[in-house]
Amino acid sequence: MKKIEAIIKPFKLDELKEALNTLGIFGMTVSEVKGFGRQKGHTEVYRGAEYEVDFIPKVKVEIVITEDMTDKVVETIITTVNSGKIGDGKIFVLPIDGVCRVRTGERDKDAI
Amino acid sequence: MFRKISFFALALAAFSASPALAGEPSVGETLINLAYSIDTFYFLMSGALVMWMAAGFAMLEAGLVRSKNTVEILTKNVALYSIACIMYMFIGYNIMYGDGANSFIPGLSFWLGTDNAVDAVLKSGGETYYSVMADFFFQVVFVATAMSIVSGAVAERMKLWSFLAFAVVLTGFIYPVEGYWKWGGGFLDTLGFSDFAGSGVVHLCGASAALAGVLLLGARKGKYVNGKVKAIPGSNLPLAALGTFILWLGWFGFNGGSELKISNIEEANAVSMIFVNTNMAAAGGLVAALLLSQLWFGKADLTMALNGALAGLVAITAEPLTPTPLVATLVGMAGGLLVVASIIFLDKIKIDDPVGAISVHGVVGIWGLIAVAFTNPEVSLGAQLTGIGVIFAWVFGTSLIAWSIIKAVMGIRVSEEEELKGVDIHECGLEAYPEFNGK
Amino acid sequence: MFRKISFFALALAAFSASPALAGEPSVGETLINLAYSIDTFYFLMSGALVMWMAAGFAMLEAGLVRSKNTVEILTKNVALYSIACIMYMFIGYNIMYGDGANSFIPGLSFWLGTDNAVDAVLKSGGETYYSVMADFFFQVVFVATAMSIVSGAVAERMKLWSFLAFAVVLTGFIYPVEGYWKWGGGFLDTLGFSDFAGSGVVHLCGASAALAGVLLLGARKGKYVNGKVKAIPGSNLPLAALGTFILWLGWFGFNGGSELKISNIEEANAVSMIFVNTNMAAAGGLVAALLLSQLWFGKADLTMALNGALAGLVAITAEPLTPTPLVATLVGMAGGLLVVASIIFLDKIKIDDPVGAISVHGVVGIWGLIAVAFTNPEVSLGAQLTGIGVIFAWVFGTSLIAWSIIKAVMGIRVSEEEELKGVDIHECGLEAYPEFNGK
Amino acid sequence: MFRKISFFALALAAFSASPALAGEPSVGETLINLAYSIDTFYFLMSGALVMWMAAGFAMLEAGLVRSKNTVEILTKNVALYSIACIMYMFIGYNIMYGDGANSFIPGLSFWLGTDNAVDAVLKSGGETYYSVMADFFFQVVFVATAMSIVSGAVAERMKLWSFLAFAVVLTGFIYPVEGYWKWGGGFLDTLGFSDFAGSGVVHLCGASAALAGVLLLGARKGKYVNGKVKAIPGSNLPLAALGTFILWLGWFGFNGGSELKISNIEEANAVSMIFVNTNMAAAGGLVAALLLSQLWFGKADLTMALNGALAGLVAITAEPLTPTPLVATLVGMAGGLLVVASIIFLDKIKIDDPVGAISVHGVVGIWGLIAVAFTNPEVSLGAQLTGIGVIFAWVFGTSLIAWSIIKAVMGIRVSEEEELKGVDIHECGLEAYPEFNGK
Amino acid sequence: MKKIEAIIKPFKLDELKEALNTLGIFGMTVSEVKGFGRQKGHTEVYRGAEYEVDFIPKVKVEIVITEDMTDKVVETIITTVNSGKIGDGKIFVLPIDGVCRVRTGERDKDAI
Amino acid sequence: MKKIEAIIKPFKLDELKEALNTLGIFGMTVSEVKGFGRQKGHTEVYRGAEYEVDFIPKVKVEIVITEDMTDKVVETIITTVNSGKIGDGKIFVLPIDGVCRVRTGERDKDAI
């Protein structure tokens, strides 16, 4: 099993969610993060003093899936959230040793 | 309704126009009664509006500090208002308006006296024309205003109880003394210094005390980092805007009530003119500051606009009666431009004032006092400058001493770690917004 | 301006001092006209200030509950105010001030009557000295205040519509009846029970109804866990501070307006004294509560200080006229100390009151009523205790019945899961701060 | 106190009832003095309450937009109020109340004139019965109200400076002209169109200008997605509730002050009736809207209830004097039901109004004007419909032109990316809540 | 070493914390996330327009432990936060190459 | 490739950011977390009732890098955020199977 972590632009979340549903993926965990990368922040002035808004609001989507789904999911993410603009985000694929559904105690594949 | 009837005895003793009843007062006496009640009521309403300004300062400051220091600034604001009321009743009011030893040294006595006796008022033929208690109420909210100015400037780093200790000194001694010099009939009044509602006596006073405190206290950690001025954005701007609106509203009582009388045509016209000029100056100040920040910084900085409105109000406070509304607007606009420049300048010289109180109430207060010399033919620039010098010297000097003593005794600044974590948890044990992730 | 002119006819019919016009009233009549207008205007301004207290309760409660229950408490506050107005107009005002069957059983009639006829007022020689409608306006905001007290105590767990159902009963029946007993001229008034502006009739009433509700309702889930009292911090303390300032301001109308007359020297002095004492009591209560929490808990608990100010206000409400400002300050201070102790005590006996309403308005309300016996020579302790007993017994008893019926019919408590998720989403379908991560 | 004494000269010149003094005015003159001061004071207090409404609109709108657009809407609100004051002083007041060329074409002059001379007032025998400056103050806050209505409807997508440019036109020209037609004594007044405090002149005016703006502007991105209406929840509902309470309070000045006189029994009764009816209509509107949303949507939508209260206030504004409190409640209830339906309907036809301003002030404003024909026997439905038509046609037409010119010159809508990121950072360089994670 | 990521219902956090303490685990990192899975969100109405509250607030608990503790910890989590209701959450076990305590520079086992 | 997760004290973030930039690392994702470890929280009193503020605000910095950078990065983090005080934080090193830049579809090394 793999865990996919995608850092995307916040307003793309709904689209991505729907795209994943169509793939038959219904589980995911989302959190608000601040991103920093090629897409630099901008400088603003507050009461005459400059300050950098250098962390850009992003959303991190975590999806645990079975190995075989990995490529499909990555592709889907790219095609849905890609706008060709800088700051579109990154996708990380991490190995997972085990999954467990708390409610039932089911493990691994059955737990996803 | 019974409740009403139960007051008839009282009511009729003093006033009745119905020939059917005995011991009724003459028409002349009744007229004095009515005028007295009108002026007293007007005074009470004005005082209530000024009391409301305490909420304005609290909201403005709570909006402009970081969330980790919000509870503590709120605590300071509610507590300083209460302390001001108690100290001014205990001794301040008597120092300011009691019989002084001479035009420099005020008298000393405690608590409040009794109100005007009906006979005395009637005998005075209307010269005594409103309640002493109403006057006290109107006066006490002024000293609270002066103290409120201080809290904003020393925000986010000063110890709660040290601040409150200073509040005791300022409201019980420092303010009443300079108040005596002007409004108590002391030497500042004699030499023709003119300050209608307190650009100097109240606002410059608060700003001078604040400046002394800030100099001893130093800047907030992270405000000036190797030569660069860092922005420390306020955490809740709707609160800051609300606070400004509250202050704007309250100022109608602050300036309008300072006419002290409304019960005849001239006075009613005067109070009306004051309302209009107060409003126009604020409007002018806001527009000027907003435009300037757009042109200067390229953005319409709301916090500067809010400071601009307050600057307009402070500027017109020294003389809201004689200017035409157009002139009042211009006086306010100048205040609005000045406050923006002053805020930038103070940052340049590393005087850290999180809410801009020193600029709004001090720098612009001085401008307002000087402007009087131009809007009111009877006032000389010399007298104004003297007044400014005296008030600043007295308040700044005594405050510096008071702050220093407090610093020596209990310290005035929280530890670096407390400042880092925020003073709320350390001083008050609470968070302002415990459920939201603050940075 | 045309708009003005269009009112001349009206204006002159009733009042003119210019000999040039026909049918003009006598000087005596004109004096009555002026006094009537002053007292009515003073009444309307006081009523507006008291109406503003509804906003104060709303902000205070919204600040002291968790964010997941904020929308619902706001909805309760705006709705209860509206219901109070409608029910009191429909029937409450007539029960309270109509001609009763006897000093125990009030009369019953509907809607409001007409206002005073000009002739009647003139004939009365000024005994009828203000508008009936102004009186209704002033009275209706009092009943809303009583009901506002309840919402805070039952917050975060009571069903919205069950609460509003109770609001109908309290404002239309429970409050007007005990109001009749005192202010309507009933037996409480006859036996000399003294309650100037409503420490008992309004505040103790609200607190008694709240207590009945809380007892039936039980504590919030997670408040008392195996013997330990858990803190449930309020989500937005600036709102709580704002609410307190609003209440403080509104209270000048609450107490000041209850003098019912201002149009002569004595009355003007009396109203002024009430303003001063109301302000001093609040200041005393705040300082006392702040100091106590610093000494007791080691931290300056803002929420306790705010409750302290309100306690001072409630304490002085029973008699804001006779004490000197110094005594008023002490009465307030006692209230401030009492409220802190009471809040701790109620938690000990597992009476869960999220905002401290029962302590502020009930416990301190009783203190205020007892204090009258000491500050007003004409009042006996016996009469005060009787009044306290009667009001508590009546309101607590009838409320218990009303709550029980509502509980049986529609239930009063939300389900455990709804409480967990927060009542906002379930009752109102909204979140107060949808964009911020609430815990 | 010196401060008082310094006013004696002035005071006595105009008014004294003590035979001991020379040159004193006759009793008749003194009565005129007193009445003049009462009416002026009542006017100033009313104006202050209406000024406070500006804060209400600011809080309401700040609460109903998303956090990323909060600073900008606050900036618009403080700035539009200031611009309204300046433009109305500069030219608007004179257009509205100056001597017009004829009943259609108003006159043109600049700045404000002088106030009433004492002699003139005395000569008039009380026909001139309040200060011109007080009148200006009362009038200027009305135009600010009209403009405040616009900001909410175009929120979250209109450029700051384009909006302010429009504010200049509306407050300096569009509003004063239609104001002249009615309150300035123009043709609308002549043909019997009745609009007591401005359901049409103020509220329908603001809503018509807003509608024109919204039509040119289009809906917020993401509001209407392939045929479905998407909800965009407001970010801070306590602010929205506070704003509504502020507006409710301010409305007592808005309607109560529009009686323009209080200094005799009839007028005092009239103002009292207006206070009561204003309050009852708001209460009725709130309850009706709350019930309807519960029945219709299955949830007690607080924002609908708040709009309902405002709808009740707008509905009664056209005639708050003649209805009984019961009828006023019903008029308000109808407004409350109407506003909910209207909000849903406007969404159906894709007119995006984030705060419901067009429904509250426009649709319900029309209802209020029509209702007059039923609550006031002297008013004809025809005249009301004509007035509605004329005001809407004029304001909508001229606004459409003004908006179009501004659109052509500087554009009125922010770029799609700016809208996405929020206008705060782009227009003001600030965030409203920089420390909290906004979505 | 392993990293355990548990997505649980927010109000279960305190219980879980205590349970882990009794296991001798005192270190953990917690963050607020929004969950999406079998447990669907609900539709609400705001001013007459429907909107889906489809992300459910959850809490993510990250615990880094030594391999041998893995099963014990997973068991503990299940037993404490399981309510048998849908939405109870998930547990993910991830491999970890290294741990380091910033203060001391200690590595791996000693750093936990 | 590796993913470095560092839990640090919030006010150290800016320094760390600059330090990493000098290392030539410009991409990172930051999120607010609450920490629990040796550094215990404190008890506060609210209206007379005690409550534990036992989760301490921390910031989690996630940096994906190429294997060879790992030690340098870990060292940098330690030296910059170490204050010798308890609660300085932890660094976790996790394996990563793949990275992808959404905008370009680039993979792995090129995507970082």
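Each chain carries a letter (A, B, C, D, E and F) given by its place in the written order, and its residues are counted from 1.
In this section, a contact is a pair of C-beta atoms (placed from the backbone, for glycine too) under 8 Å apart; a residue touches a chain by one contact, two chains touch by 3 or more.
Computed from a prediction, not measured in an experiment: that's the story for all the values here.
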Smallest count of steps, each to a touching chain, taking subunit A to subunit D: 1
Leftover contact groups, counting everything except subunit C: one piece
Equivalent of A-D within the choices D-E, A-B or C-E, defined by over half of its residue contact pairs recurring: C-E
A-B or B-C, whichever has more C-beta pairs in contact: B-C
Inter-centroid spacing, subunit C versus subunit A (mean Cα positions, whole Å): 53
Cα-centroid distance, subunit A relative to subunit E, in whole angstrom: 18
Distance between the centres, which are taken as Cα means, of subunit F and subunit B, whole angstrom: 48
Of all residues in subunit F, the ones touching two or more other chains: 31-32, 44-46, 94-95
Subunit C: positions in contact with at least two other chains: 27, 31-32, 34, 38, 41, 45, 233, 236, 242, 297-299, 301, 303, 429-430, 433, 436-439
Inter-chain touch pairs (all): A-B, A-D, A-E, A-F, B-C, B-D, B-F, C-D, C-E, C-F, D-E, E-F
Sites on subunit A touched by subunit E in the complex: 3, 17, 26-31, 64, 94-103, 105, 111
Subunit F-touching residues of subunit B, taken from the complex the two chains share: 420, 425, 429-430, 437-439
Interfacial residue positions of subunit C with respect to subunit B in the complex: 27-29, 31-32, 34-35, 38, 41-42, 45, 49, 66-67, 97, 124-127, 129, 135, 183-185, 189, 233-238, 241-242, 244-246, 248-249, 252, 256, 260-269, 271-273, 275-276, 279-280, 282-284, 286-287, 290, 294, 297-303, 305-306, 309, 324-326, 329, 433, 436-439
Touching residues on subunit E, where the partner in the complex is subunit D: 44-51
Subunit E residues within the subunit C interface of the complex: 10-11, 32, 44-46, 53, 57
